[in-house]
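What follows is a group of structures, each given as structure tokens.
Here come two complexes built around chain A, the first alongside chain B, the second alongside chain C.
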Partner chain A sequence: MADAPVFQSPITNPTPAKGSLTLTDESELTKVSVRGAHIAVSFGTCEQRGDVLVVGSRPDEWTLLGPADAVAAVVSGLDLSGFASTTDITHSRLMIRLTGDDAARAMEKACGIDLSDAMTPNGAAVGASVAKVTCDVVRDDVVSDGREAVRSYRFLADRSFGQYFWDALRDCTAEF
Partner chain B sequence: MSFVSIRLPSAGSEVIDRARPVTFSWNGKKLKAFTGDTIASAILANGDHIFGRSMKYHRPRGVLTADFWDPNLFVQVDDEPNVRAAHRLVENGMKVTSQNVWPSLKYDVKAANGLVGRFLTAGFYYKTFMKPAKLWPAYERILARFAPGGEVDLDTPHGYYDKRYAHPDVVVAGAGPAGLAAAIAAARAGASVMLVEHEHQVGGHLLWGSDDDRAAAAGMLTDARNLGVEILTNSTVTGRYEDNWLGILQRNHHIAEERLIKARAKMLIVAGGLIERPYVFAGNDIPGVMTSGAVRRLITMYGIKPGTRAVVLTANESGDAAVADLERAGVEIAEVVDGRTGAFVRSAEGSGRGTNHRLSAVTLSDGTKIDADLLVTAVGWTAPTSLLNMSGDRPVYDPAAARFFPGKTPDNVLATGGMVGDGTHDQLVAHGAATGTLAAGRAAVVQHRLQAATARAAAVDGPEPDYPEDLRTPLGRDPHPALFRSTTHGMVDYSEDVSSKDLFGAAAEGFDSVELIKRFTTATMGPSQGKLETVNTVAVLAEARGETIAEVGTTVWRPPYAPITLGALGGRVFEPVRVSSIQSYHESKGATPILAGQWIRPEHYDDPQAEVTNTRTNVGITDVTPLGKLDLKGPDVPKLLSLLYTNKWMQLPIGGVRYGIMCAEDGVVLDDGVTARLGDEHYLMTTTSSGAGGVWNWIENWLQTEHPDWQVHVTPVTTGFTSINVAGPNSRKLMGRVVAGVDLSNEAFPYMNVRTGTVAGVDDCVMWRIGFTGELSYEIQVPAGYGLHVWEALLADGKDLGIAPFGLEAQRVMRLEKGHFIVGQDTDGLSKAPTTGMTGLLKLDKDDWTGMPEVKWALEGDYPHIVAIQPTDPNCVPEEACQILRGPESNEIVGRITSSRYSPTLNRSICLGQLSPEFAEAGTELTVLLVNGERVTAKVMKHHAHFDPEGERLRG
Partner chain C sequence: MLLVPCPNCGPRSSQDLTYGGESHSRPDPKTATPEEWRTYLYLRDNPSGWLVETWYCSSGCRRWFKLERHTLTGELRDPILPGSKTGVASDEATNIQGGTK
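Up next, the complex of A and B:
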């Protein structure tokens, strides 16, 4: 009988980012698509609720991001009354996080979205083409006590683009 | 008259750093220069003044404008052709050579063209080489040798070209005094500003002005930096498109050869200044004839003495200032010709051969002939309104000022500086500042509207600001004499060797429109892009036709403002590729990859025919992850399926699987696939690999626009599951070893059923009893993070069962043996559903389905049929797309081969094809025209399936 299954990330060669930016493979985290539920997080924004980041990805559609192997916990407490559904998309989507003061400038090399604080503030969520890959981009700055927040973006894209997408983002970090 | 430029004593105005010498080579000679020198100033400082030969007549050419637009200074730098010597900075080790000469700059054989110049008039090529057409290849070979430009080294590695997106509030094109002031004012008003300057330094004409001018430029540069203005030097706004979508070429980025910035600016300020026009007279392209700006730049910025004895034709302040600069540089002023008094230069003469050729005398309008090695002209200006033209503006000629001015621009494009009027430094700065403030105000309104309308954006701060009206005080317009052409003919377009005589000739031939004459003579079509030539072209045409310049109008300046390299345009290209979770296995086994859309798939591991045989004999597994998968949830999914598929879906039981054909509204086959019912209101649809995205869009379109009342949620999960097809007589046995909790017997889990369960310890797998290969087979869909684990488990547990992986090619052979058609290969953009032969699935008794009326209509008439075909010669495999003809002697096409392979199972060739109905009967003999022209016979088969037509294997 085979060994116990171990989650395999779509990023098989996560070579570290260049320069001052960091890339993190978060593909193993739980991701759940929720449709039609009653969630008070607006489209285009995100909100941290305990361990779960609730992202208003599209009108009447949310993506919930939580710890690995925690689908049940992530969806617990959702008001799914009426016509609502949840779909585990953990294995469908890769998730990569780009962090660093120059993260927006690095993204400018691959993404046509206006990333200014006014148009895409911390807590914003936007569907975008990044390096020609359709993905959801969530701005989720790293905030630590007593220090200035560090710019950070999470990218959710189709799993099959894994290594290509990592390499493309890494290439964007080269000049910083 | 021989002349050698010399380097002047160091001055505070220069941009070169004499403490940092540079060594480079020019046509094989090793020369020294300084950091900050352009290639042109560096060569001049070393005593050479001929840089190349003209395009058509191979006339020796020297400095004319000494800036980016100089048409005479194109050189080859290492392996890069067509480098602008008056713009590119010299670097250590640079190998610079002249181009468009043979065998050398000094002795250019092609200069013989000049002897027959009177025959090489505009239109010479069109008229001479049109006939006889059969000789064109010979003409082409010879003419190619006369093609201008440098040499491209095909072995040159592709450099790194970068791209970037930007969203500044305000982009300012041009960093002269007005542009700088505009940028500063806009930034002070709170706008994010990108300031783009064509040259290497900001300041524009202040750089070759007085010390006070340079101090002003330096002060404004400091202010701009302190205000956070992003300053891009050696960069060009190359184009303005809808809604201020701007192309900006940055030539000096530290990580890239060049960077193309795509900027969406809320406001564009065009502050391109003025470009000095050359004067048209006989001999105006002789080396030693320069514009006033050229000599001022050479003296002030690069410390170059441009001549020893000069005649200056001046009609404005720039010419007057050039006189002062020349005197300061120790150049003898032989004569100042004041164009404001009606005087002008009639002609110029040169002397000396080869690289010693140089201006020697100037004849004035009163006939006086003066010895001189330098003739400086200051006869007027061209407003480079290209970016305004691209915004829809048409410039208007003002005869009093003898130049064009902008007309009306859209609200989000403003112009300032010399192109809109004249004034003192303070007046230009004030106008620029007012423009910057206005732009910032308008940008704030645009920003407010954008922010308010964008869900993700930060909340807007207060009500929308008032939209600022344009209340700027206009700049004045200084009177200027109209000096375009002398009483003699000379060059109008230096890049293309087009003279005023050519333009007169073209006008006489009837080319009365400036747009036509441009294309006929190629005037304004060279690398200067008309910046130096357009107004002179218009003026000469007006003169030739006896019209005013306003009546002739201008050509339309289109993007790019300045030429862009193909490297920058092509540049850094993102080409996404997709792989399954099993890709590392495929690579480790040396599988031959095939690109299918964006997917990299294993075509075969070794011999695809052997892979077929093994699968038919033992058990094989293949990676079919790209197969499209859509998760459907909701009570109205059956309605949706009934609408999209031609067959019935309302009664599909849980655990059941059904095949369906999907049509577009015109009845053409759009996609096909199987859909399983996993739960009460939960379905999993599969699509073709290439159709996954399109079908998802198709479904969303129907749900969102036609049936928003239906309760269906669709989630694409194509790569959420790694799809593995386990096929072959031993597949059930193998599945039994890895599957837990599912009864795999034929009775409990028959063909066209689905189960969910655990495979190799992985929960939530979906198992389908379907058979694209025609074998007893299971398609397992595994949560992708565990795909490789299950794949390896299958291989390990199936060793004694003869397991081997098979690739896409083997799968294609087996599906063809089974007679399964592929949408897009065996069907095409005209194939309606009846063509598939699956008329039993076309349920005309349903209320409706997409394409039903068209399909019903098709069924009433003739339509092509997909049929199985076998060539008479079992070893003959007709190429796909081979034509099928009406008969052995006929050339009438009655069908085509759509798929063909050699079947190792049947030991013969097998095909699918589309045929006219009259030929589709089983047993009909066909004539197939092979690619090599041979005609072979083939026969229509009874069933689509060449192998196991009754389906005993897949149902077993």
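Up next, the complex of A and C:
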């Protein structure tokens, strides 16, 4: 069997974010799209299962995010009978994480979604247009030892938007 | 800008959706006359009042749905997914953005 292709990030110039916010290129993380197989994670939410983040990205579609072996373990446990399918989208999608207390305010510059805690709490997953790029936005707050959770969003978009999308998000962070 | 209530995603900016136009039932191809096809393809009711429309949630759930829009006031109501028997305009349509489903 041929070796997996070497991953090359679409973000060629990951200039650090300005101010107090942090931008991280997480495109290398394995991403697998699952369609038609039932996973007990509702549309619009995400759930951590071990090392894998299971995102309910469409009414009958889920995205698995995590290390390759952990994602493979989750996929092997799915019932893929009937019309269910899995597709490895690691190389076709980028993933950027925006972290910081002002992350929501920064996103408001480029996104029409209501980012309040009432509408998009930690664990929410929404499809949205961010800086004119259609992407999945997952709120996945970062908890470090003993500290309060820091607001964090993951963006999944088509790979071809890579550097533009990074730069657009970076511009949003300039004020904070 | 309109705030369009997607049955799956909740209220969204109309810029995040694609307008599909007036909703018409398709005539039976086996029995339809040329005039019925012409009416179906090209003629629109364009009423002053409530109108059933189709929309596509292109940035969110990527599903087509129908709703009613008042062409005078811009009010929107009763979003419904294909195959559903009733509108879901109440709690489910307005409160399920993100994790509150």
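Everything that follows uses one rule, which is that the second predicted complex is superposed on the first by the 163 of 176 C-alpha atoms of A that agree within 3 Å, B and C clash if a C-alpha of one lies under 4 Å from a C-alpha of the other, contacts with A are read in each partner's own complex, and residues count from 1 in each chain.
In this section, a contact is a pair of C-beta atoms (placed from the backbone, for glycine too) under 8 Å apart; a residue touches a chain by one contact, two chains touch by 3 or more.
Quick caveat, the model's predicted, so the values are computed rather than measured.
Trainee: What is the contact status of A:Val143 with respect to chain B (first) and chain C (second): first, second, both, or neither?
Mentor: Neither partner.
Trainee: Name the contact category of A:Gly44: first (chain B only), second (chain C only), both, or neither.
Mentor: After superposition on chain A, A:Gly44 lies in contact with both partners, chain B and chain C.
Trainee: Just chain B (first), just chain C (second), both, or neither: which does A:Phe161 touch?
Mentor: The answer is first: A:Phe161 touches chain B but not chain C.
Trainee: With both complexes overlaid on chain A, does A:Ser92 touch chain B (first), chain C (second), both or neither?
Mentor: The first partner, chain B, only.
Trainee: Let me test your reading of the model: by the given contact rule, A:Ala72 touches which partner, first (chain B), second (chain C), both or neither?
Mentor: A:Ala72 sits against neither chain B nor chain C.
Trainee: Taking the superposition on A as described, I'd like to know which of chain B and chain C A:Ala125 touches: first, second, both or neither.
Mentor: both
Trainee: Taking the superposition on A as described, I'd like to know which of chain B and chain C A:Asp114 touches: first, second, both or neither.
Mentor: Touch partners of A:Asp114: chain B and chain C.
Trainee: Would you sort A:Glu175 into first (chain B), second (chain C), both or neither based on which partner it touches?
Mentor: first
Trainee: A:Arg58 contacts which: chain B (first), chain C (second), both, neither?
Mentor: second
Trainee: Hey, is it chain B or chain C that touches more of chain A?
Mentor: The partner that reaches more residues of chain A in the superposed model: B.
Trainee: I'd like to check the shared interface: which positions of chain A are touched by both chain B and chain C across the two complexes?
Mentor: 42-45, 112-114, 118-121, 124-126.
Trainee: Using the touch definition up top, name the residues of chain B that touch chain A in the complex.
Mentor: Touching chain A from chain B are residues 162-167, 192, 254-255, 262, 264, 447, 450-451, 454-458, 574-581, 583-584, 599, 625, 631, 633-635, 711, 713, 715-721, 738, 760-762, 783-790, 792-793, 796-797.
Trainee: Help me check something: in the complex, which residues belonging to chain A touch chain C?
Mentor: Residues of chain A touching chain C: 42-45, 58-59, 112-114, 118-129, 134, 139.
Trainee: Within their complex, state which residues of chain A touch chain B.
Mentor: 1-10, 12, 27-28, 33, 35-36, 42-45, 56, 83, 85, 87, 89-93, 108-121, 124-126, 131-133, 158-165, 168, 174-175
Trainee: Applying the document's contact rule, which stretches of chain C touch chain A when the two form their complex?
Mentor: Per the stated touch rule, the residues are 8-13, 15-16, 57-63, 96-101.
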